[in-house]
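Okay, structure first, notes after.
Order of writing sets the chain letters: A, B, C and D. Residues in each chain are counted from 1.
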Amino acid sequence: MIRSTFLATAALALLAGPAPAQSDDRLDVVAQFEIQAPEPSTSGYIFTRMGIAETLVNADAEGHLIPGLATDWAVSEDGLTWTFTLRDGVRFHDGTAMTADTVVNALEIARGKPGPLADLPITGIAPGEGAITVTLSEPLAALPAYLAEFRSQILAPASYGPDGAGVEIIGTGPYRITAMAPPLSLDATAFADYWGPPPHIADVGYSGVSRVETRALMAESGEADFVFGLDPASVSRLGMLDSVEVLSVPISRTLLIKLNATHPFLAQPEARRALSLAIDRAGIARAVLRYPEGATQLFPPAVAGWHDDALSPLGHDVGEARALLAGLGWQEGSDGILVRDGKRFALTLTTYPDRPELPLVAAVLEQQFRAIGVELTINSTNSSEIPAGHQNGTLELALLARNFSLIPDPIGTVLSDYVGNGDWGAMNWRNADFAALVRGIARGVGGDRERAGAAAILQAELPVIPIAWYRQTLAVSDRVEGATIDPFERSFGLQYMRWAE
Amino acid sequence: MSALASRLVQAIMVALLIGAATFAMMRSLPGDAAWRIAAGRYGYDNVDAAAADAVRAELGLGGPALPALLQWLGDLARLDFGTSLVTGRPVAAEIAHQLGASASLALVAVLLSLLIGPPLGILAGLRPGGPLDRGLLVASTGLKAVPQFLMALVLIVALAVQLRWLPAAGHGTARHFILPGLTLALGLAAVNARIARDAMARIAAMPFWRFAQWKGLSERQTLIRHGLRNVSVPLITYLGLQFVTLVEGVIIVESIFGWPGIGHALVHAIFSRDVPMVQGTALVLGLGFVVVNAAIDLAVRHLDPRVAA
Amino acid sequence: MTLLKAEDISVRDGGTVILEPLSLQLDPGEPLVILGETGSGKSLMAQALMGTLPPELDAKGRIAIGTQVLNAGAPARFRGLWGREIGVLPQEPWLSLDPLMRARDQVAETHALVRGLPRGKARARAGADLAALGLGGSETRYPHELSGGMAQRVAIAAARAGGARIVIADEPTKGLDAARRDDVAALLLTEMGETGGLLVITHDLALARRLGGRAIVLRAGAVVECGATDQVFAAPKAPYTKEFFAADPERWAPRRHAARGGPAVVSAKGLALSRGGRTLFEDVSLEIFQGGVFGVTGPSGCGKSSLGDALLGLIDPARGTVSRRSGNHPNDFQKLYQDPVAAFPRKRTLGQTIADTARLCGARPGEIETLRDRLGLAPGLLARRPGAVSGGELQRLSLLRVLLRNPSFIFADEPTSRLDPITQARVIALLTETTERDGTALLLVSHDAALIRNTADTVLALAAPRPPCRPDAALARRRVASTLH
Amino acid sequence: MSVVEIHGARRPSLPLARMTGATLVVLVVLFALAGPLLVPGDPFAQSLMKALAGPEAAAPLGYDHLGRSVFHRLAHALRLSPLIALAAVATAGAAGLLLGTLAAAQGGWADRILTMLADALLALPGLLLVLIVLAILPGTALGFWAGLSLVLWVEFFRLTRAATRETLASPAVQASRLLGFGPAYLFRTHVWPEIAPMMLTAAAFGTATAIMAIAALGFVHVGMRAPTPELGLMMVELLPYWREAPLALLSPVLATFALLLGLTLLAGSRET
């Protein structure tokens, strides 16, 4: 009796032991993403971030496109034919060589699945001598940027099943997979035949941990070396520890309110501006996000070319907001909520908890909008409700985080979100001048002046209301050094990291 | 044999019930499923109309649900669970993969709880009203009043973050089992200890206990020869009933500890409307209960000849 | 040589003496019987001798066993004697065997652990012990597969395997059939033999008479009478002993048979009953008349209670017909239960329950009081709940409740089996008196053949059904449920 | 199930434990109901400048991460969960009582079907059922009520059925029937007094289970929606600040523990 209790305690003590939580020489990476399948179109971003798969084109920290598996690219005079010269001597993890045919195969399969490539005016991709050519039906200056997106990753032909579905990830990156256990883990080791400089740390492991609290605790306890995606509160807590270094970098992601521009309450730009004026961006940034400042315009400084320092910033002025709404015929009702033609100014704000700060900001907005007499009901639900509501017209307001550089050149996102009928962009908002400017930029005509003009239109019309510019934060254990953050969220940069002395 | 027959009926009812519940779930948001599945597959950055259309086209969603339900039951009869809407892999393969992780965690939890609870319970039951009995009552009542997620937090903060004895979360090595296992085990042990205590107190008050001592057996001999086996019968029976509590705990604990098991899969499948996965996991959990209890019926039958009579 | 000598054993509960000083001695080959009703202190006496009194009770006196002299106030030292010097044959031997252990193992463990024999030898000895008691072939049975008598023999073998020469048997016939009483007595005498000592505590007069030896009669913690058993029975001196013995159904004066009047209240033709697919009895025909007592007796499990239920229409017969006198109110047929506590709503006062009944039956005002006085019940009883009233009083209250219905037929199902002999005699007298006075027909069921013989006008003796009924099977199932909760 | 819940060998009830339990529950309820009356305040009002600030007169338990008074949010949360739980327990109790009595009194097919249904539900983790119902009625008190009622009725049903069956088969009921009493009287005087204490125990346990389930699901983000103050949600929101503002996190933790402990003690000692 006593003996078995004692044994249990002893066994626990033995397992627990005073041994440090970390003793192996594997770099443990923890992030929120779950590996669904060896399928580039769904989980591809994990493989590119882990340095397992690569794309033809890469982007540097400023967003400039740099060579990847393609060393060089050029476009024809008419802008309709692109040629990408392939890097020599690149081998896949299964030992086969990367050829023009294998690259075309990978891109054609990617184009057949939902993703940005599918919507491009591509008429054909053909193998050439050490190069591939992409032909277009209309000019597209940003094509190389599209090929830097994770779904355009180049995998060996053996990676795909007969129907094109991914069966195994055989990439060209500095690390090759040694074990993969969807949905939560992945082990990889340095690839001996990598074309570039070999990584310093040989063994890496990935764990998907969806709860941000758990990730932060893993960083705090020294359980993980590289913890991605931290919540603001944990950042300040981890910042107090010596054993962990918290890195933070502005990224091209904006926290914004998307609104239905044909909703009777929101159709006038004045109404949208009133809502914008109601928002205490500095307060939200400091208290909720723990950032030094809020957004002053839609595009963060990280979005090169589109951010315009000259633009007059979005402000916070409750009095003016009330005045604007009064000008639109709204009057304060008995409960403090505005009323017009017998209708209360009540709206539903849809958001999703996948990013933990969103429901928090929504809760703050609820109070700040109430201060100008607007009632918000918060619907924190599955992220798909936003595009679904956009499509069927039922969406009123949505709070979301939008990355302008999923494709390193923001033009693709701007084009689909604010000119096309992009699910995550403006809803029922059309502006001919804006469309003309953006279409020109996409074709390759126009530069910073045009971009600034487009940004100014967005600032004036407010088809979406920016709230804050994101910073990406991650925690790195003091066991390693050389960690960096890719503002374009394309790579964890594992191959540049080394064990601390 | 009739006990096993009733377990079979229970199993069939479980299957029907899960079919009906998931049927209702699928019908409740008919147009939404493709979107949800697309969000599950592509993530919030990339879910858009094109992705939802692709899902809709691929899976043939939006058809009438009754044939779908009948189809599922028919497939089930052939032991075919279908394929996951999110990952596209066969549900059976997904579950087989995740069940191992959950089952090993559950097993560790049960073993730990058996090492902690019953020995204390038996000692307390031998001296009802004694200090150990009172202490155990307080401790087990207190433990029962702690929700599992709270227990998990306390253990992580104390043992992983402050003392750094154990990994806070994750999986892979034996050490990773301890915190989630202990979280589950403490809740189970609180109940186990009470059951063992009550059974022991009841047995110690029975004429055969007294008679064994009158025959000349020492306290210790009486306990070993007549106590343990008799205590184990109600204990094992309750273990079967605790299976449900265990599974509920596993759902919460896996979410907190990032454990790649069936509970984690279930929550995700419900989030993303992956109906075949919900059906599959729920069915495995429900039938797991039936199978475990059928096995326990047999074990009790073996231990207690009166049950067989 | 005296095996056991107890001097001035007394037991107190705090300040009150509940067993007055008592001395006794146990000689080889001569049984000692302590006789008394429930509450007479006879079990306390036994517990004091074994050192098993509850800790809140305080014993005094000296006990000499063999060469050792022990203080009754220090019960811890008795433990070493158990199994080695004193073998205890517990009440309800069937419950005293470990339900999960085979018969031989329960005996063998005493040989092995108390005597220290090697395992193989212990098993062989246990087998021999059981064979000597006529249990050859039952060694590997579990207790629930044994009959009450067999369990008793296993228990004796297990109790004595440690080498005890003294056997203390506490109510050895409790829960056993009256028919098995003689077997038990014979078994105990055989086990005692020429050199052993036997102390039997019982309220069963027949058992005491069969055992012979010496007897002590206890009442309210004090000795009333003692002497050679034969003499005490032949010529009891104390008035209480006389009353106690007179209450024995064997000694009752046979009741004067009632005259038959009118048509039968209940009759049955070719009745057969079965339970669980097993036929209890077949082809029973009977008629019960107004003012008459119809007695049914037989071993337990023979279906005597079921017969009564069938006559009441509570269970359906397998074959045959039951007919009740026409023109009777449907609620004219009533029943008295073996355990009167279970026959009343547990959480209601008796007064409330009886008032409810009176209202339902449209009783005249004052009828309750009249009946209460007639049945000799104190008015204060009605304010209590069923659990707080003695069995005899409760059975009379049951009768009161039933009489409010003005029944034409009463089925009394073992109405006195849980009562002390003196109370039993009073309740039975009251029942027969009521039958005669009100012209009710009474069906009296009892396992006590003497009671039926001396009470009933007509007797139906049912035989044990074939295959032999297993009296403990039902009990076994109940106990399983209780072990599992 | 070969398990009968009612057993005679009940441990002598510990009035002290029950008294302690009742006191705890009363204290928590008193805090929830009267707290905001003593210190008026709004559980939703934010003051971002005061985020995670310590206690002051207007907010005796300090402020949360959005500068909302923890005191008032806690009081609000302690009304919400128990209210949902009580509603679910009341529904489940009524349904279980009705169906259990029906099954026991009726027997036959009604009994068999209800028992089969209850057995099947028993094999399913309650949390799973609540999750599925919440998928149908997301994030609302209604969803919780429906899901929890669906889970909890089984226990009441089984208790009622077992106790009613046993009572109906008892000599006491047979005697009353022979005397001519009707079903209403039998239920009132025989059945109900037997099951009432059990129902009370089951209700206390059921309430604890329900509160725990609501909090647990709040903690895995399936429960009530922000900014509704709910115990599990409050804990998960405040967890990242455990070093900065331990009091803010401890308040819902201790309140939940006190409430659940009180209910567990009040229920008395019954396994599972």
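Heads up, the rule we're going with is that a contact is a pair of C-beta atoms (placed from the backbone, for glycine too) under 8 Å apart; a residue touches a chain by one contact, two chains touch by 3 or more.
All of these numbers come straight from a predicted model, not from anything done at the bench.
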When C-D is set beside A-B, which has more C-beta pairs in contact?
A-B
Would you identify the chain whose C-alpha centroid lies closest to the centroid of all protein C-alpha atoms displayed?
B
Just the number, please: Cα centre separation of subunit C and subunit D in whole Å.
47
Would you mind pulling out the distance in Å between where the CA atoms of subunit A average out and where those of subunit C do?
84
So what's the Cα centroid distance for subunit A and subunit B, whole Å?
37
Rounded Å distance between subunit B and subunit D, as computed from the means of their C-alpha atoms:
21
Which subunit D residues sit where two or more other chains touch them?
2-3, 9, 239, 242, 271
Please set out, as single numbers or ranges, the residues of subunit C touching at least two other chains.
484-485
Taking each residue of subunit A in turn, which ones touch at least two of the other chains?
213
Which of the chains are touching one another, listed as pairs?
A-B, A-D, B-C, B-D, C-D
Touch list for subunit D against partner subunit C, complex:
2-5, 7-9, 170-172, 174-176, 178-181, 185, 189-190, 193-194, 271
Residue ranges of subunit C in contact with subunit B within the complex
50, 52, 79, 82-84, 86-88, 90-92, 95-101, 109-110, 113-114, 142, 144-145, 155, 158-159, 161-162, 473, 476-477, 479-480, 483-485
Subunit C - residues contacting subunit D, complex:
312, 314, 330-331, 333-335, 337, 339, 342-348, 353, 356-357, 360-361, 398, 401-402, 405, 481-482, 484-485
Can you tell me which positions in subunit B touch subunit C when the two form their complex?
202, 206-208, 210-218, 221, 225-226, 229-230, 233-234, 237, 303-307, 309
Interface residues, subunit B side, partner subunit D - complex
3, 6, 9-10, 13-14, 16-18, 21-22, 24-25, 28-29, 137, 141-142, 144-150, 153, 157, 191, 194-195, 198, 201-202, 205, 237-238, 241-242, 244-245, 247-248, 251-252, 255-256, 266-267, 270-271, 273, 278, 282, 285-287, 289-290, 293, 297, 300, 307
